[in-house]
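Take a look at the structures below.
Heads up, the next two complexes both have chain A, just with different partners, chain B and then chain C.
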Partner chain A sequence: MAKYILKRIAGIFIVLFVVMTAAFFMMRLMPGGILDGVEENLSADMRDLIYAKYDMDKPIWEQYLLFLKGIVTEWDWGVSLKLYVNVSVWDILAERIPITLYLGFLSLLISVPIGIAFGTLAALKKNGIVDHAVSFLVVLFISIPSFVMATGLQYFVAYKWGWFPLIYDDSLPRITTTFLPVLALSFTPIATITRYLRAELSESLNSDYMLLARTKGLTRVQATLRHALRNSLVPVVNVIVPAFISIMGGSLVVESIFGIPGLGGITVRSINVADYSVTLASLIYYTLISLAAILLVDISYGLIDPRIRMGGRKDA
Partner chain B sequence: MGETILKVKDLRVNFRAWAGTVQAVRGVNFELKKGETLAIVGESGSGKSVTTKAILGILPSNARITSGEILYDGKDLTKLKEKDFYSIRGKHISLVFQDPLSALNPIQKVGKQICEALRKNEHMTAAEAKKRAVALMEDVGIPEPETKFSQYPFQFSGGMRQRIVIAIALALNPKILICDEPTTALDVTIQSRILDKIKDLKEEHDLSVIFITHDLGVVATVADRVCVMYAGKIVEYGTVDDIFYEPAHPYTWALLSSMPDLDTREKLFSIPGAPPNMMYPPKGDAFAPRNRYAMEIDFEQEPPFFKVSDTHYAATWLLHPKAPKVELPEVLRHRIQRMKEEREGA
Partner chain C sequence: MKHTRKKTKLKIMCMLLALLFLFSGCGGPSAEEGSGDGEGGNANASGDYEGYYKTYLTASIATMNFLTDADGTSTELYSRSGLRLYNYVPDGNGGASLEGELAASDPVCVDGDAGTTWEITLREDAKWQNGDAITADDVIFSLQTALDPEQLYTEGSKAANGLVEIRNAAAYLEQYAPGNSPVSWEDVGIKKTGDYTIQIITEYKTNAEKIKQHFNMPSTMLVHQATYESCWDSSHAVNSYGSSLDKYMSCGEYILTEWVTDSKYVLEKNPDYVHADLIKLPGIVYRVVADNNTALELFLQGELTQVTLGSAEIENYLQDPRYMSDPPLQQLNVLINNRNTDNNGILNNLNFRKALFYATDRESIAALRNAIPATYILGTKMMVDESGTTFRSLESSSAYLPENYGYDPEYARECYDLAMQECGLTSLNLTVIFSESSPNQRPIAEYIQTSWKEIFGDSFSLTLDPKPTTVAYSQRKGWTSNPNSYELAIEGYVPVDNILTDALKFYTTGYPNANEYNNNERVDALYQEAVYGEQALNDNDYLISLVQQMEQILIYEDYITCPVFEIPNAWLLDEHVVLPVTERVPGGGWMTDFAEFVTE
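Moving on to the complex of A and B:
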């Protein structure tokens, strides 16, 4: 197991390196640059001076090596070039990551139990009116992107009804001021988990081991809880990663809509103004957190399912 | 033997399916006597499993018992509610499934699966339940039961898993054990070992057994009496000797002729055609279209049971006094002859 985890972590580093390298070159090879929009007002000397300060007078591969050297020797991720000129990228990220993670985890924390509850309800009442209602909502929520939800919630709940602040407000308790964005981010994961559990659970409810559990003399509730539900929760771990990653993706835009000072908002802005170093660092952060989430799930999946834990076949 | 422990009367079960109503069981009658092994044989789809599920009240939700009674212990099981079954399943009537590979919960230790019934129904402590479970595992012939107790189903072979399923079925000391093709999924050597085990356990635990199979060879080794089932009905029943030496229904003849015989390596006879679609059960005798002895009346009117002997009845017009005399098929006559000689020799 330890060897497996080490191998996976090494894999993560390789992927990060590749992403970082590709992104570094791609961004710099794209048209435009940090002086877009102000170039006309600068003298040639000034321009050369600025380029020299950020090593941009050197060939790209040399810039890349310097960048790598900075990270390896001093954990120096460079400085912001446009948004917060000369502020260390690392500091910018460190300040913003917590609130983005807070949004993501809170949304996940809400989505998982609600999704499980709805999925269970739908499977137990399969083809009944409850199931149809749930399935309808699932389709609705999966197809409406979170930024549309966010805009809708902001307009109705915050602006029209005034129940929650329109945009992020530092002076309010965090839970109040992030309530709407978290809600907006949760619809899709709730729907995903509901749909998945409904399918898994209806299958296990019809399984032979469920029938055996009942012929043993267990009550229907006992058999459902101890066998069908427990077994169908194991594979649900599989959708939690995609759900988390989609929440993270959603928060890119949702943060901007609600003006939340998180990583999502600044990533979008840094792309707009070609603040290379901020974009690159947040890209790496997003890659890292996705890969780590996948690893975490793979490990926990192995711990939950004895067939994988003990090296048995999955189909047994 | 003699006292009736379970009686099924005119049981009919329908399935509401997407394309219409499937009449899976169409008036089944049989009695299980105390201490006997009753075999129910018939081709795939003849309604054997549905009958057993009806007895245990575990029919799927799209099934309806449309008529009939299942009498056990003064109760009509067809009238019971789900919660009335909790005290019957496992404790009075137990079921061993067709497929041991999927019957066990794949992610729960087998020991726990055996103990579960003991803990929930008998309110044993964990230690008591474990002791009993290990004894049961020993009973059904699992080597090193202590170690195996905390292993998962995927660590067991098919035959061993089936033994676990049998141990679970026996855990609460049931009166009736229903085995629904318990060996179909297993290879031949394992099969005969499991059958021997079931026979031993039957003696030890004083069980009455309903043994479901489509393999007449298995019937000969385990059963006292046999019901032959076709298209949702029982078409012939009698003692094992009645059925093997004096079969009266053409469907039984066909089944017996299609039984593989290792000694002679004769070419196997296979029954022509296929069983009817139970969405539209045919008029008259359901076997008539595949029966080369069928008479006109077979296509018109359903045959009643005719008595062959006190223990032996068959539903075929061939037994009607006015029916023409029909000889047993040649192959079968030879077979029966040989079986009789073997028996006398033995």
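Moving on to the complex of A and C:
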């Protein structure tokens, strides 16, 4: 298992390198530059001097080699040139990652148990009113994007009813000020997990081992929770990673709507203003988080189902 | 046993996840509070900000270093916490004038008729936030920093020759460009002549008013030397001055006391400010609110003191007593790339450009956005003098404007047919690029797509090409290296409202980063005369006549661009706020920093 994890970690670094290289070239090749919008009053000499200062007068491949050299020799990923001028990109990310992770993990921590609960309920009460109600909610939550949910929650819950603040306010308890954005981000994962679990659990409930469990004297709920649910969780764990990734993606817009000082907002802004360093660092962060999440899920398979051994030796 | 081990592993995983969640919750945005120096400090740790003016920014500030401010988001904050030699001050009678802020009096010419050497005396009681006195050394250091040839601050060019050309300043800044000679600081026309006096030497004769306006620009504000020098990185290549609260030193109307990254910035009244008696507010709070609908909701809830209205919302609040409107700050034009060689170079054909001008139904397009139809270059905000008289209100400036906002479809069709004949074309398809995120550009594009085709007939079609703002910008500017980089585009310039010639500099030959090719020698000569000529310097009526001539040539002879409308600028202001001025001051705005709240 340890060998397997180490191999996967090495793979993560390879993927990160590929992503970094591709992103570097793509952004440099896109139209737009660091002086867009500010060069109206600059002479041609001034413009050329500024581009030379940041090595942007060199061929892209040379810029890339200089970039790699900076990372390898000084661990220098550059500074922001537009969004937070002359601030190191990692300082920028370090200040914002915690709140973005907070939103993401909290959304996931809420989504998973609620999704499992709804899915179990729907499976147990299959084709009943409860099942239909849950299915309706699932369709609704999957169809409506998180930013639409966010806007709706902000308007009705915060503005009309005044139950929660309209935007992020650091003077309030964090749980209060982030409740609505977390809720907005949770709807889609709840729906996804509910839908998958309902399908898997419905099948498991009709298995022979369930009959045996009932015969042994367990109630339907006991048999479901102790046996059927566990068997159904392996495929469901598979959707947790996409759910988490969709939460991280959804947070880009939700953070902007609620004015949350997280990473999502500046990722979008950095792309729009061609702040290459910040965009690259953000992409690497999101890639790393996604790959780490996939690795965690793969490891968890072995915990959920003893028959699955990741990286174990094959028996002769 | 195995079962127990697995349960334990599961428990450990859950604990790790919970710890991760807790860690991520512990961190978060840094809330830097309190100056810790002198009498500053955060008196509102609870966040109530009772009596504070509450406003918002649509994006987080990039930096408080005004020399590198890349997108203008920080302008209000550093304008209110920084000091200039000259600034707009309310006169107590509902108006304002450009007076000495750090300067104790108007600039004095010391070389007689030459008019190139000006002495400025500083106040002796101005202080930094930490109590340090502000002297001539601070002014010299600040200007030298702005012109640093190694840092190459984008605002440095403005400090060198924004409104007056300081001798050798631009040459000093750009000395490392290939082919340029080294310039020593001693050769630059910025001198310290006493502890509280400085001398400015200009390339050309100028007047006191221009000197004052030049040193009203943000690029000439003060930088605290000790703080700046402590912000160098290890290689002395990058300076992070202004990137956080502890890397910035206030000295203006307010002191920056709180900085919550991407969320909130708080200014508190500076008791040592030179005009402290005029500041009535205890402070100003800025929240970062990216979405304007959210900002409107916050205003309606009483959480904000003012809010900008989008074009679509203006109608809903026209009768609201809180409604305020400003002269439009920007005008949108249909830009015509006259260097484009496609379609036999029809975009350079005068008749075709006339056709586009007269085919544009400005009144109808403007109605879509509650805007002001425009058939000119100098917008309604451009002032001719400090009295508040606008250029457009002069009879002589309206006399040459066409009737019906220049909309004449029959004449447009005649010009179009003639142009097509001259260029040997039987059909024409053009593409117009515009910013996809702009709420004002798309309606223009969509309207002309339909209306122009109706006027010009089936031989003409217009393709819309919305793009991200930066991409559209690059494409518009790209004609210098690729003449066919674009055909038509929608955009405009944003001139300074109290400098009459500022709107016309974009159309002079050799203006860097123009949107189209300009080479009208008459316009160039008129511009030179207007900016550098002695008669224009002393005779405002003469200056106005020069500007009118330039505008007529550009629009009604060359048809260099196709103006459409001026973007409205409307906002709501809390009814308990009393502003120090009755009308917007050109160059000074509504001066909300001097506002006060009145209780009913």
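Quick note on the criterion: the second predicted complex is superposed on the first by the 306 of 316 C-alpha atoms of A that agree within 3 Å, B and C clash if a C-alpha of one lies under 4 Å from a C-alpha of the other, contacts with A are read in each partner's own complex, and residues count from 1 in each chain.
In this section, a residue touches a chain if its C-beta (ideal position, glycine included) is under 8 Å from a C-beta of that chain, and two chains touch if they have at least 3 such contacts.
No experiment lies behind these values; they were computed from the predicted model shown.
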Of the two partners chain B and chain C, more of chain A gets touched by chain C
Let me test your reading of the model: by the given contact rule, A:Arg226 touches which partner, first (chain B), second (chain C), both or neither? first
For A:Leu218, is the partner it touches chain B (first), chain C (second), both, or none of the two (neither)? first
Looking at the overlay, does A:Tyr209 come into contact with chain B only (first), chain C only (second), both, or neither? first
Could you say whether A:Val234 touches chain B, chain C, both of them, or neither, answering first, second, both or neither? first
Can you list the residues of chain A that meet both chain B and chain C? 306
Chain B partner, complex, touching residues on chain A are 206-209, 211-220, 222, 226-227, 230-231, 234, 304-307, 310, 312-313, 316
For chain B, which residues are in contact with chain A within the complex? 56, 58, 60, 82-83, 86-91, 94-95, 97, 99, 102-109, 116-117, 120-121, 152-155, 165, 168-169, 171-172
Which stretch or stretches of chain C touch chain A in the complex? 2, 6, 9-10, 13, 17, 20-21, 23-31, 46-47, 59-60, 62-63, 65, 68-71, 152, 154, 156-158, 162, 170, 173-174, 176-178, 180, 238-243, 260-264, 287-291, 294, 297-298, 300-301, 303, 468-471, 473-475, 477-478, 493, 506, 512-513
If you look only at chain A, which of its residues touch chain C in the complex? 30-33, 35-50, 53, 79, 81-87, 95-99, 101-102, 105-106, 109, 154-155, 158-159, 162, 166-172, 174, 256-257, 259-262, 265-266, 269, 272-274, 300, 303, 306
